[in-house]
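Next up: some structures, all given as structure tokens.
In the two assemblies presented below, chain A is common to both, partnered first by chain B and then by chain C.
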Partner chain A sequence: MFFLRYLEREISIHPSFFGANIQDVLKQQLYADMEGSCNGEYYIVCIMDIYNISAGKVVPGTGSAFFTILYRAILWKPFKGEAIDCVVDSCKPQGVFCYAGPLSVFVSKMHLPHGYKYNPDATPVNYSGPDGDTIERGTAVRVQILGLRSDVTNLFAIGKMSAGWFGIAPV
Partner chain B sequence: MLLELPRDLHYPITVRKITKRPGDEVKVRDALFRYTYVTKVKHGDRYTDEETEVDKIIAADFESPIDGKIEKWLVWTDDVIRHPREIIDITEPCKHAVQFNGLCTECGKDMTGIEVPAGAGSERANIQAAHDTDKLLISQEEASEVDELSKRRLLNARKLSLVVDLDQTIIHAAVDPTIGEWQKDPDNPNYEALKDVRSFKLSDDGPGMQGCNYYIKLRPGLEQFLENVAAMYELHIYTMGTRQYAQQIAALVDPKREYFGDRILSRDESGSMVAKNLTRLFPVDTRMVVIIDDRGDVWKWSPNLIRVSAFDFFVGIGDINAGFLPKTQDIPPPPKSDIKPTTNGTSENGEHTADGEAAEEANTPTDTTALQQVVAMNDPTMQEVQTKAQEETIASQLERKPLLKLQQKLDEKDGVDTTAPTESSATQNTDSDSSSDSESPSPTKAKARHSILKNDDEELVHLEKSLRLVHDRFFAEYDKKRKTTSPKTGRVAQLSGKSKAPLSDTTTEPDTLTYIPDIKRIMPAMKDRILDGVNIVFSGVLPLGTDIQTADISIWARSFGATITDKVTRDVTHVVAARVGTQKVKTAVKKGIKVVGTDWLLKSIQRWKKLDERPFLLPGIGQKMLEDDNMNADEPPKAPSSELGAQDLLEDNKLGVGPDFLLSSEDEAEALTETDEDRQQQPRRKKPKLDLQPHSADNTYPVPEGMEDTEEARSPVSDINKDEWDAIGDELKDFFGSDVDTEAESDAESVRSETSVSLRGKKRRRDEDAEGGGSGQSGQEKNGDGGRANKLQKGSGGSALRAVSNAETSGKDTPMMPQEQTQEEYEADLAAELERELEAAEAAENGSS
Partner chain C sequence: MAHAAPSRDAPVSSTELTAGRELQIGEYAEEPTLNLSEARIILTKTLETRKRRKQEENPNSMDTAEPENLVKTRDYLEIFSVFKDLGEAQQAEAVINVHGTNMERFERSQLGSLVPSGADEAKALIPSLEKKVEDGLIEEETLETLCVELTKIKRQAQLGS
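And now, the complex of A and B:
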């Protein structure tokens, strides 16, 4: 699910960047640091705007300056039970790896749509269904998230496609 | 699932009360039953300080480690349990057999939380299942299941699995920007070779190598190789490069993704930066797996491994992804045979191995042991340091442009060579200090400029042959096993009752897996035969201070059945030398042992065939021998005349004692047949003594009368007994093995010859007896093709006889035959000649420099 959220970030700037365009430096730094990052809970998809940059505070001893930036960003936080569209990355004997944007989702072969069979000899390797459909690298699928797990910098999910309306996404 | 009691309970325990009934649903940590155990507790007395140990009964609950439904109990109230045993059958709704990043993929439960009891969570799935991620783990049962399926599939397709390394095995990568420049310049001497070099950029590179081009040269013949091999093997990539790198390479070598598919394992998922592990890809069974890699050490010389020679196209670059590994040991190439020892070329070759970075490189690998590396790997900060170090090496390659320097040097040399060949040795000697390459360019005269990049690698052709051999052998054995055993099972099924007959289809089906032969047995057996009986001494090949037995090339050679020795003893069959003039080479020449260049060994290994040594004999020494042999083999044996007596003696003797040379010069093809190989593989030094007995019996053997008489007359040591002989023999051996001193040697020889001559009479009688005992040998010998026919027969038919005479010599005294004496003389001559030659060469060299 996507959210718009007010966030805060502290950035320290080396004295060599002090100058008229320090605001730009800060913004660039913020974009570079935060956009596309994940804190283990959500992904920051895009920074909408920066609505406040605090006055800088020089850190004694180093000469760097600290700024606190308040900004607004679009987040994506996957939830258990949520239905997401993914692209299949690879097929394994145990199931299928897909990606929903940055999120890696694994769907066990148990949770593939009914009747799908693993074909290791096909190029590319695929799962084929009773009606001739195949799930292979690049196929668009709709997945329900069964479980989520977070790392310090990333999220992982497992999903299923076995219920109605899930599986190969209609084109 | 049957639950077993854990080991850490306080046995014996007594079951007191069972709290859950069959059919009940249980959750993790629900009490299953209550039990009591007896333990000793210290009991302090209230009034005195004494403590007494008292038995105390303590009650506890046993909690269920898993969720599920109880099927049945295997213990009952008041049972006493003394050992861990199965107590209950619980059916689980989910076995958590496949886990992704700590989540069960089937039920979605988190398997790593603290609420999961030990042994029931993530430990249940501990085998990495996928090539491209280390996050997907499966349980042992699941792994076996997958393994079984894939084996069946491969057997049906009559394929094996082949694990392929990338760097320096099928491709060579470099980042030197010079390559890009050369590619754009059609005038560059390297332009031809660089035509099919492709390049890409990686986005995950660290700073300093951002946006640098990776230049990839595919090993010549790779496309054909992959196509042919893919028909026999299912291919996997296992590389020490990063994931992105591996995928880029895969896209280059296999654009349609038909050979490798997703079966790519990079260092990101490998779990180790310093070692490759077959169980990472084949956790259950490696019976059907073959590996090809240019490094044996990372695989710990697994029996599944076919070690291929490194593809070193961009000379001096090495493996850009081997930053974490100990450095490879460079094997210096043999001196080029088209250079005469007196020209500066050879002297430069010799220095090349010893000087500059080559020596540096050789020194570094021994500093860090594998253990240190492993320890270092476990430390994340170290890992970071090493990653940085690797980035730096790449960055430095970007800056230093080693290829450009090499080419410049070569150009320079060319220029000097053409203008003033005599001067060049001096200038190059100073230059070679900074040379970063041990491979010297071949000095063939070509266009104006020479290229340092050569497109002449042919490893893949031979590799394909070897792989085909292994594949054919594997399936031949598989078919044989299946044929011989399947009727039996049918018969057994018949005998054991008709009821089983309809089941036979289903029962024999899984049996096919038991017929699978083991590559780990088949392949080493095939390889072992190739250099069987070859006993190698290295000279000038390995840097000083390396352990000869654990050196890369030694292990490699040994995997082909060769034996590696450090001293030139009588058992040695080949001296593999990087240059002439070493002590070992001299000794070997003296003893008549073949001295070959390193490429003989490498090519024999590459082709899985013991090659004829002649083209690889070292210039100067070997070729001299070769010429002599050819001369002897071609010339019909001369009738001994009085003036030429001594000369003839020498020559005939050589025919007699040099079966290897003789054979090889006679008929190459014949030399490769089994029996001949056997003969060749006999330790050479044993031969003269034993083989030549019939010679003395043979009257055609030209011993000048006078010589014999005089020697016999002044034999002062004829009464030396056996022990003394042994001692003398040992001493002599040591003496010859260590230093060269012609004078002392000739002394020793004369002693030997004298005694041996004195014993000859006795010996001759014995031989005559043996012949009288009915071997057809004597007749044929007397027909008189001289020593040669005799020799051949001896070699093929005489193994039993040899064994007997071996026993004899160890049992009785050891008579020295005149042949031995003359051979020594001949060798001394040869050695002296050689030394003269070498001296002359040195003198010439000194003069020129």
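And now, the complex of A and C:
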């Protein structure tokens, strides 16, 4: 799910950047640090606007200054149980790897729709269903997220398509 | 000696928040949500504005590389957003607002992203709606009408593109 959220970030700046254009330096630093990053909870897809930059505070002993920046960003956070559309990246004997934007989702072959079989000899390698549908690289599928694992800088999900209405996405 | 009882509940890990039959999404329940179409429109607008401003400030500036996750999300939205046009997205939002009484923001946005074809599909894709229908908070017919109306706008959008 995408969210619009107000966030806060503290940035420390080296004295050599102090000057008339310090605001630009701070903004650039914020974009470089935060945009496209993931903190293990959500992805910050895009920073929409910056609406406040605090006055700087010099840290005793170092000379660098601390600024608190308030900004608004588009976040993307997956939830357990949420239904999402993804694109299949590769088919393996163990299951299917898909991508929903930056998030990689693994669907085990036990959780594919009923009756799907692995065809290692087909090009591209695919899973084919009883009614002739195939899941292969590039197929759009609808997946329910079963679980999430978070890393310091990334998120991983496992999903299933075995329930009704899940599987190959409707056009 | 026994420890004193903790004065607050242990925080829930963010990966444990669930959108199952009970919507337990913690602090995110209060945040404004975006469906795929709205996210795409806002993202494109933001990037366009930024690019234009950069050009105005420094016409000779080169395009800087965009972060990988931003590019991936933009491509994802380009593929899966249903309502590409601002007008269509607003129509869809209006339909959901009219029929979607007793729905959380999360559920409304999920409906707008997934555009289920009927009440049964909606309940399968969004389990919390199923519970609300069972509890009588949402009428099955209202949900059906909502889905039919949304599907109509989707077809219109597909014809237009």
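In the analysis below, the second predicted complex is superposed on the first by the 170 of 171 C-alpha atoms of A that agree within 3 Å, B and C clash if a C-alpha of one lies under 4 Å from a C-alpha of the other, contacts with A are read in each partner's own complex, and residues count from 1 in each chain.
Here is the rule we go by: a residue touches a chain if its C-beta (ideal position, glycine included) is under 8 Å from a C-beta of that chain, and two chains touch if they have at least 3 such contacts.
Treat the numbers as computed from the prediction; the structure is a model and nothing was measured.
A.B. asks: With the two structures laid over each other on chain A, which partner does A:R149 touch: chain B (first), chain C (second), both, or neither?
C.D. replies: both
A.B. asks: Which one hits more chain A residues, chain B or chain C?
C.D. replies: On the superposition, C touches more of the residues of chain A.
A.B. asks: Contacts for A:G115 in the overlay, against chain B (first) and chain C (second): which applies, first, second, both or neither?
C.D. replies: A:G115: touches no partner chain.
A.B. asks: Just chain B (first), just chain C (second), both, or neither: which does A:F106 touch?
C.D. replies: first
A.B. asks: For A:P130, select first, second, both or neither according to whether it touches chain B, chain C, the two together, or no partner.
C.D. replies: neither
A.B. asks: So, does A:G63 touch the first partner chain B, the second partner chain C, both, or neither?
C.D. replies: Neither partner.
A.B. asks: Of the two partner chains, chain B (first) and chain C (second), which one does A:E41 touch, if any: first, second, both, or neither?
C.D. replies: second
A.B. asks: Would you sort A:W165 into first (chain B), second (chain C), both or neither based on which partner it touches?
C.D. replies: In the superposition, A:W165 contacts chain C only.
A.B. asks: Is there a shared patch on chain A that both chain B and chain C touch, and which residues make it up?
C.D. replies: 80, 147-149
A.B. asks: Quick one: in the complex, what on chain C touches chain A?
C.D. replies: 14-20, 25, 28, 31-36, 38-39, 42-43, 46-47, 66-70, 72-73, 75-77, 79-80, 106, 109-110, 113-114, 116-117, 120-121, 124-127
A.B. asks: How about chain A: which of its residues touch chain C in the complex?
C.D. replies: 1-5, 35-38, 40-43, 45-46, 48, 74, 76-77, 79-83, 85, 87, 99-102, 140, 142, 147-150, 155, 163-166, 170
A.B. asks: Show which residues of chain A lie in contact with chain B when the two form their complex.
C.D. replies: 80, 90-95, 97, 106-108, 110-111, 120-121, 123-125, 137, 146-149, 151, 156, 158
A.B. asks: Would you mind writing out the residues of chain B in touch with chain A in their complex?
C.D. replies: Listed in rising order, the residues of chain B that touch chain A are 98, 100-110, 129-130, 132-133, 135-136, 138, 142, 146, 149-150, 153, 157, 256-258, 261-262.
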